[in-house]
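So that you can tell them apart, the chains are marked A, B, C and D in the order they are listed, and the count of residues begins at 1 in each.
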Amino acid sequence: MPGSISQMTTRTYVLTLSCADTVGIVAAVSSYLSGQGIFITESANFGDHQSGRFFQRTVFNATPDQPSIEELEAGFRQIAEKFGMTWTFHDTAIKPRVLIMVSKFDHCLNDLLYRYRTGSLPIDIPAVVSNHPDLARVVEWHGIPYHYLPVTRDTKAGQEAAVLALIDRLRIDLVVLARYMQVLSPELCTALSWRCINIHHSFLPSFKGAKPYHQAHARGVKIIGATAHYVTGDLDEGPIIEQGVERIDHTFTPEDFVAIGRDIESVVLARAVQFHIEHRVIANGNKTVVFRR
Amino acid sequence: MPGSISQMTTRTYVLTLSCADTVGIVAAVSSYLSGQGIFITESANFGDHQSGRFFQRTVFNATPDQPSIEELEAGFRQIAEKFGMTWTFHDTAIKPRVLIMVSKFDHCLNDLLYRYRTGSLPIDIPAVVSNHPDLARVVEWHGIPYHYLPVTRDTKAGQEAAVLALIDRLRIDLVVLARYMQVLSPELCTALSWRCINIHHSFLPSFKGAKPYHQAHARGVKIIGATAHYVTGDLDEGPIIEQGVERIDHTFTPEDFVAIGRDIESVVLARAVQFHIEHRVIANGNKTVVFRR
Amino acid sequence: MPGSISQMTTRTYVLTLSCADTVGIVAAVSSYLSGQGIFITESANFGDHQSGRFFQRTVFNATPDQPSIEELEAGFRQIAEKFGMTWTFHDTAIKPRVLIMVSKFDHCLNDLLYRYRTGSLPIDIPAVVSNHPDLARVVEWHGIPYHYLPVTRDTKAGQEAAVLALIDRLRIDLVVLARYMQVLSPELCTALSWRCINIHHSFLPSFKGAKPYHQAHARGVKIIGATAHYVTGDLDEGPIIEQGVERIDHTFTPEDFVAIGRDIESVVLARAVQFHIEHRVIANGNKTVVFRR
Amino acid sequence: MPGSISQMTTRTYVLTLSCADTVGIVAAVSSYLSGQGIFITESANFGDHQSGRFFQRTVFNATPDQPSIEELEAGFRQIAEKFGMTWTFHDTAIKPRVLIMVSKFDHCLNDLLYRYRTGSLPIDIPAVVSNHPDLARVVEWHGIPYHYLPVTRDTKAGQEAAVLALIDRLRIDLVVLARYMQVLSPELCTALSWRCINIHHSFLPSFKGAKPYHQAHARGVKIIGATAHYVTGDLDEGPIIEQGVERIDHTFTPEDFVAIGRDIESVVLARAVQFHIEHRVIANGNKTVVFRR
């Protein structure tokens, strides 16, 4: 049945780009694609009046008789240069390779592993790194190697070098700090720029740093939250990808905040990872453009 | 200062269109606009895989030296015909003319009047129609004529004819039923197709018909809501534009539901009206495409 | 250290009661407890003006030198009889025994197992029952027996008898239908009255029955939800314990609804189970009083 | 008809109290009331394990043949002294006298006036004070005197003295800063301790001080909010009563934040005022106990 064969080999790509905003960008990009007979299934763009930058994300299908990704890229180069674009064609057939880092809290890890094993999060997880041995069993049950890399103040440089070596060796696309309770060195932050997502257990910028739920309790807030952001050298100041909140009241103890927070953190982190691997997030200075559905 | 004169006379248009989805629509539209040197400030589109329909909303500026809206329309006709589009160029300088219909509950009315008088809802309100005299004072304080058109079962046909005559005479673009407690006749529904928005005080399709908060209370739901939708001959079955919800618990009486509902209804209806007048809503069968921000 | 011994052996009880509302109930109950020197840590009550019923939940500590639960019950009987109460003293040291029933969807199961294994849901799970063999591995990894009890129309009576025998033999306190895709017979519903919780994947009473997400998509709603309720012979009409919602828009397919729904369902079901095992839910006709925090 | 006469003259009181937590408080209070044959319609309490404080709010009816409020107070004094209570009997027949202060933004004012004129907020508003003349017309249309009290750095002391004199003369129970864009002096804050509610247009403690929506936009948050709190000498650090949030994304400008914020601020402030006048809020150090429904 040729139809279904053709369908099976139809490729889906995501083009992301940003550049200074001006007349004709959408026309140039869409004319280029339609000129190849390519069908766009989803497209979103945004012009930031404040920064004068333009952002676009376009999803399209290419049938076997249409140009390869290399050919598409080659042809696109001219347009990209004309507009001074930062741009990438992403092949959705290639699963992003995600390294998860954890300490002892396992709710985000459990949630990510569940989405991974059921295919709802289409990623590969070549390794989980932890500074504690505790979570090895559940990780290994998923068939994922568990790297126990303990860290003290004295061994931090070496441990981070080992982490970075692993990231390089395993060709990791994205590092996810799933309640990894260590502050990364500025060097590691820089090395992982825009490819390392952290979940902070507060509604940033409120309650940066340690024990945010206890800080929130002491302040007497009526809503608590969690924030997923890219990691930068500035602690808890990186570009925010996603936030979530939940209402609480005076009867909740700090321990209750922690319990409720587990659910918020898991969902917020999973969404941020999903947005990232679906190439929905584009950098805009210290902020993000997130082309949500 | 020529710069600011030019800015003052820059026109902003919204183009909305829908047609069967195929290759090249975005390219054709955006090339047409950029070919005139026109700057697109906002654009969103959606291809519905289920219905095979494509929807687009594009906002753009035109400077005084660029083509008039009539010229733009004339030039666009060829593209529209090629793709079989339903399409409109909307001039944002022309305020939509909105007729509000109310009975005795005034929370939605008060909210709409507030947004109208502060300019946050850029509309004209040439008239308010009511089947009760009660709300004349607040409406007239806003300088808006209040038409008291009582209705009984026997006088319904005549009253609706008067309403329709008013709508025609005042060249009304949109009718808003802001808790108008009368069921419109099928004829009036048809006459106002896709230009009459109702607020129903339940989370549709739950609790259609009369006294939805009392129905919700009897059922013991834990969340209540409100729904803004286009009016059709099928009671409470029209295309949904916007919905909102609020958590309640066992301590809330039906009267409490009513009180809380006032806040939900006001916000949901105001949003729906805003989406409509900003041309963010496009018909998709019995459903709506809403290009929210 | 006597202090910590005493602390270790301090017992915590939950008293739940309901009766016709009248003067003096709170006084009688609290005087009885304080007369024994007992410290109340949490108390909530509710008088339903509509039904004329009164509901109370009181949490208190009893030190080793204070009366045993049997003595407390014996002394309380007089008060209970005076007011015609339905009442129970629950010992929080005894973990509720929960039977989970599933088919093939495992998101709610995974979530409940996670909360169980981390202790955040203080229950015992003596068995998981399924009409499919698929989920045996993950259940057994948690050290929980997996009972594969297939069912067809012809074998339904026998399968339900086997389920009920298991429930009796294992002294099950609560049955949780964690996306068990079978309609229970009226007989089984009756046998499990007020001790069987189902998660329905819609915002009830909207979209009862099969494929609610597809129904919701066809209707074009802007918010979807899930509902946890006690099972009764009336399909999807049982007393609601908890509901949750999430905003969606026109770009979401029915499959997207299913994916988003997994997160809502998991959280809503977990909350309902938690409310139930903490004795926060009291029957009020076909509705529930839920003493949330 | 004696029944309805009796009903008409039934009084409803709210008793609020706080004290060190210990055995027997609920018993003492409820026995006292039931000893007078008094029917409790609503009661909530909370023991704060952290501070060791106990809080209670009890609503009850008293028929004409039952003791007067003075008699009830006199009889209660002994219990209050025994437990060292801070306590008040509030007569719900007496409407709280609320002074509203505004500058130029009128959305909170409009919302409060609407709830006032429809009776949904059962208060008296003997005066509105503003440092600008702009909002006189709408206030006076409601039959409320408008006090235009301009303020500069040099005249601040005098203006605040005038405000305070007005508060005293009009026997004001609660001052509501409904977007009053002036920082009160420490002296005025102290004078209005626990009886002055401010709405801050951010999700505190994020974005204290000026232009919070612009701060939020610069930080790139994905959710914005508003906070109603009691005013203290510590700017934006007072006890929080209520908070609300709304999701935004990268397409929203600071002006959009302001527009969306208007809806959040109005609802959050109205709720806080309602909680206060229904005596649902009790001080707990720098935090609040809010006995919501």
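One rule holds for everything that comes next: a residue touches a chain if its C-beta (ideal position, glycine included) is under 8 Å from a C-beta of that chain, and two chains touch if they have at least 3 such contacts.
Since the model is a prediction, treat every value here as computed from it, not as a measurement.
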{"item": "Pair exhibiting more inter-chain C-beta contacts, B-D or A-D", "value": "A-D"}
{"item": "Centroid comparison with chain D (C-alpha atoms), farthest chain", "value": "A"}
{"item": "Fraction-based call for chain C against chain B, same above half, different below", "value": "same"}
{"item": "Centroid spacing, where centroids are CA-atom means, of chain B and chain D in whole angstrom", "value": "36"}
{"item": "Length of the line joining the C-alpha centres of chain A and chain D, rounded to whole Å", "value": "43"}
{"item": "Set of chain C residues in contact with two or more other chains", "value": "42, 46, 49, 249, 251"}
{"item": "Parts of chain A lying in touch with chain D, wherever the complex brings them together", "value": "46, 48-50, 203-207, 219-223, 225, 239-245, 249-251, 253, 284, 286-290, 292"}
{"item": "Residue ranges of chain D touching chain C (in the complex, touch as defined)", "value": "22-24, 26-28, 30-31, 33-35, 37-45, 47, 49"}
{"item": "Residues of chain C that touch chain A when the two form their complex", "value": "42, 106-107, 110, 114, 118, 120, 141, 249, 251-252, 256, 259, 262-263, 267, 293"}
